[in-house]
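The same chain A turns up in both complexes below, where it pairs with chain B and then with chain C.
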Partner chain A sequence: MIDLKLSDPHFKWEIMKKEGGEGLLKCFGCSDCAASCPVRYFDERYNPRKIIRLTLLGMKEMVLSSPFLWFCAHCHACTERCPQGIKVAELINAIKNYAVEKGYCPEGYKMQLELLMKMGRLYEVEDFDLKKRQRLGLPPIDKTIPDVAKIIESTHILKVLKK
Partner chain B sequence: MRKYAIFLGCTVPVRAQHYELSARNVARQLNIELTEIPGASCCGFPLKAVDAQTALLIAARNISLVSQLKLDVVTLCNSCTAMLSDAQAQLKNEDFRKEFKHVGLSYPNEVKVRHFVRMLYEDIGIDEIKKAVKNPLRQLKIVPHYGCHYMRPTELYGFDSAEVPHTLDELVRVTGAESLEYTDKKMCCGGSVLGVDEELAITMSNHKLSIAHENGADAIVSICPFCTVMYEDNQRKAEAKFNKQYGIPVLYYPQLLGLSFGLDNNAVGLKFNRIKPDTILEKSTAQNQRSS
Partner chain C sequence: MRLFICDCRGSMKLPKIDLGTDVKIEYHSNLCTDRPQIAPDEKVVIAGCSPNLLEGIFPDVNAEFVNILEHVSLIGHPPEKAAQLISAAVAKMNVTIPVEAKVFDIKEKSVLVIGGGVAGIEVATQLSRCGVQVTLVEKSPFLGGTVAKLDRLYPEGTPHSHTLMPLVNGLYSQKNAVQLCNTEVTSVTGRVGNYRIGLKTKPRGVQECINCGKCVDVCPVEVSDDGKTRKAIYYIPTFPDKYAIDFETCTKCGECVKVCPGKIVLDEKTKETEVGAGAVVVATGLHWYDVSKVEEYGYGRLEGVMKTLEFERAVASGALHPKKVAIVYCAGSRDSKHLPYCSKICCLLGLKEAKLVTDRFPDTEVYVIAMDMRSYGTFEYLYNTLRSKGVSFIKGKPSEISRRNGKLTVRTEDLYTNELLEIEVDNVVLSCGFTADTETFGKLKIKIDTDFPVLFENAGLGTAELPRGIFTAGAATFPSGVAETLIDARKASFSVLNLLQQDKIEKRLPQARVDEDQCSICRMCIGTCPYGAISIADDKIKVNEELCMGCGICSVTCPSYASQLETWNEKGLSKQIRSLAQKGDILALLCKWSAYNATERAAYDRLTYPKNVKIIRVPCSGAVDPSHIMLALTKEVKGVLIGGCYPHACHYARGNFRARAREQILRLNLDLLGMDTSKIRLEWIGKDEGRKFTEIVREMSK
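Presenting the complex of A and B:
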């Protein structure tokens, strides 16, 4: 149930300020995104149209706390078909980014951030891997790339997550 | 000799060496030189959902490294292609350039970002590739899987077709194999939701596995390590969940191409495929014997 007394009229403007959120107001609710969505095809709990409508209505907590926000596979099937030219996948991503700022970052993503801070890559390169690469005649690779941590530290994301 | 920088990303160099190996060996056959990118890291894509700006900066750092080499870059993973292309496009934006310079990065030479398979299609071309095919794989039926970030979003790539993709089909056909027409060709593998809801991810990957099975495919051909995780590594899970038996091998495109070039099993790393491609071997060897 949508209780408009809980609506935050600033929510949509906040999303529009985020990278990818620009096109939000152009949505007229045609549902082409939902119809094109491979995730929704299998699981109706995820519906990009619904997320966008709730965002326009200012239902901030409802949108940000929903675990289904994270079901978007970022496959761009919706982006291709939106008659309003909204980059729908980027818009959903902007809402995810905003959700992170408000304290709703899924644990899996926090772990990925930690791995990138530590190694600059997602999977640890062990001696076994390096030997296997050598045996196959593949060139060596760096075990860690410390510059990635420097880049992450230069942005606001670590502060946001510590809050 | 054509020369490109090769961007490996996280998954390929440690979890899909057979993809890398076959790509490098196929490149050699086509007179393509692949140059390493010293200091290359993760593409940044895993952080996009957390903070797009951070992800873009990590991607842009990789672009910056390629730019110093004065080369264009090819990638083996669809998501790496998307993330690096995105950063490359952002480098035209003044605000982003400022941030980019602020973290000490530079972009002295324009860099073109493409998937390795797209480079094969555009720069080498079907006709040239055909000349290198010595062992046409005429008995094989293949389900080509494009994955999402090979041709979508159109605005970023301007390549192939988001609705009716055809380049991978053509590249499969040039090996002599049949590229099957099948429903829901553009269906996502489900990889992006694996960390969020495994049941849903497996349901998504099962969709194409069951279609490939019904169509009598000898293999699914993939061009993305994460799609392969969904179709190959998680195939047993799909079989268990839906009470089916598929046993469908999943080959990386350069493996298929390499076999058609007459490269041996080791050169395309066939022993590393988790679902043993015995039928592929039988059928490609049978072809070999007939043609010799």
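Presenting the complex of A and C:
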């Protein structure tokens, strides 16, 4: 049930202002994006059309708190097929960015960010891995990549998350 | 009687034919180029190629055509079959009623245009420019129709005066045109080329006017006119350029008379006049559907629910400044309980209102609730523009509109999100559809369906086939936008000129004739005629010569065989069947518009079928009499095939449905009599479906 009393008329304009969100208003609901989406083979609850239409109706809370917003795999199949030329994957990205700004970042993403800050990798490299590489005749790799933390800091994501 | 046999440049083997001394046989081999002299009142039988071709070569001859090329020679049947077909045709021709040409004189060269909207104005201007005398009749006191009431026109949102004023000025500069406002058509008599039309002119009240507007200031009566409030004395900036009194609401208090520097007369009488016209153009425009019938939307019951026109006028006049608006599409349209069709322009009107309100008040939230958005053609860009302006579109049809906690609430399911949805708004705008002007068409005795499309115009016939001299222009035919209306008006003007430049028109179609001695006035034919051509006057059934198209449906309906079609009368067909049908034959009675052509197609494709298949050409499958089928069955035929056009593709509107009903009743009766019903077959065969035809007859002959 959508109660439009809760709708925020500025929501769609705020998404429009974000990078990648420019095409939002062009949507006429043909559902080509949803039909093209490979994620839907695995979970039909994910529906890019629904995310876009709810955004257009200004249902901010519903969109941002939805776990399905984060299912997009960025394959860009929708972008290729959209008859209105909307860059759908970019648009979903814009909504995600907006969600993070408003404090709707899922815990998993925060943990991934912590790992990247700590080691520069999501997968920890241990002595066991190095030994395996040696056996195969591969050169050793660094256990941590400090440059990644620098890159992350320069994106201001940490400040956004703290807000 | 003369019998012409053409062997198609010697390609056919002809049989020996002896039909006695009464029939003079002439052999030809090039009938299509060497046309023999045939007197118009002479009865002839022409055997040769396709009747579709021969009818074009001998348009003014009373002839029965026998297709010995496609039905005998091309498909390898023996010449003896040709002899049978010819002698059956001769037997039929002996007793048929010949076609009589009907001639209509175009005495009056003037035109009456009903309706003074853009369509009427354009027709009147175009015709008067060509030197035709035109009388333009408008019901309301001002010209302009619906367009004059609008604030702006889609798609660009230009003011109506942009389009209307040049049109009105163009008409007023014409010497040949007479404009009668406040006038209605009361009666129409006569026929094409000579109509007499009764007119009733209501008083205008204001006789001399300098447009000072003092009368409006003193008038105490306030009237709501489609969303705009006006006084009982008012002015619309079109033509005529003077004020008018709305006598339906005027209290005749006399205040305006006191202040008027010109002349106002309150007790003027209604004038009745009569004009003559050779042709009539119906340009009565748009008629809004009574949307209060859609009870769940609460029009007329809930305050704040309005039609598109009312909303547009209220917003434009500054009387309304809503913060939140819902525009509901298809209010009563595409609905089996209301209007079953799509009115085509209401989607665009709704978009226009959305644009109007967002242009004027950018902060207003607009929700458009539509099942489908039919912004056809290039109007798609209007839809694109409105989406980019931030108008919210919801897909669905609202289930109800109600007032809850003092607010109008629209409840719908949004199909874009598959979620139930409720909106609270200040105003609901219902984009409702349009209905046909049954009143005017009724006065002109034109049979139309209660809804659009107007069958009369839809038949796509020229004046030679349907010599009514009545034309439609603009939205009277079907709702249309201003640009389309103007194009249609110009086309209608051309058709009118085409008619009027002739001194007489001739119609040579078989026509139904009613024998008064046999007619019992049961009135069954009146209801069955698809063209409304049959009427009853002075206890006699009359067939209107202008309207009858020669389908023969009435002759089959008539229980006493009083109504007979020229060239296809009951006696003639009986003779033909008696002469042709033999034991074990398959008799095919095929519609001349579709199934008969399929047999020719089969011949061109060299698709063969048994030689005992005998084909008879009928005007329509609805003109096949059950008694003829019974007659064939008594001749012990193997099967009777009735071939007609596909449903909804009948040349005479509903003839094939009549055929289906008759076939079912006949089956029931045969069953009761203990007879074999499997011998009868009714099939829809398209004009190119030769293969289907051959498969059917092969199956039947097994």
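The rule is short, and it goes like this: the second predicted complex is superposed on the first by the 159 of 163 C-alpha atoms of A that agree within 3 Å, B and C clash if a C-alpha of one lies under 4 Å from a C-alpha of the other, contacts with A are read in each partner's own complex, and residues count from 1 in each chain.
Following the convention adopted for this analysis, contacts are C-beta pairs under 8 Å (C-beta built on N, C-alpha and C of every residue); 3 or more make two chains touch, one makes a residue touch a chain.
Keep in mind the model is a prediction, meaning the values are calculated, not measured.
When both complexes are overlaid on chain A, the residue A:27 reaches chain C alone and has no touch with chain B.
In the superposition on chain A, contact of A:89 is made with chain B only, not with chain C. By the touch criterion defined above, A:120 lies against chain B but remains apart from chain C after alignment on the C-alpha atoms of chain A. Shared-chain residue A:60: touches no atom of chain B or chain C. In the superposition on chain A, A:76 makes contact with chain B only, not with chain C.
For chain A, the partner with contacts to more residues, out of chain B and chain C, is B. Of the two partner chains placed by the overlay, only chain C lies in contact with A:1; chain B stays clear of it.
By the touch criterion defined above, A:136 lies against chain B but remains apart from chain C after alignment on the C-alpha atoms of chain A. Residue contacts after overlaying the shared chain place A:9 against chain C, while chain B stays out of touching range.
Interface residues of chain A facing chain B in the complex, by the touch rule stated above, are 18-20, 38-39, 42-43, 67, 70-77, 79-80, 87, 89, 93-94, 96-97, 100, 105-106, 108-109, 112-113, 116, 120-125, 129, 132-133, 136-139, 141-142, 145, 147-148, 150-152, 154-157, 160. Considering their complex, residues 8, 10-11, 13-15, 17, 20-21, 24, 36, 39-42, 46-54, 56-58, 61, 102-103, 148-149, 152-155, 162-163, 186-188, 190-193, 195-197, 200, 203-204, 207, 269 of chain B touch chain A.
The part of chain C that touches chain A in the complex is made up of residues 365, 367, 373, 383-384, 387-390, 392-395, 414-424. On chain A, the positions that touch chain C within their shared complex are 1-5, 9, 12-13, 25-29, 49-50, 53-54, 56-58.
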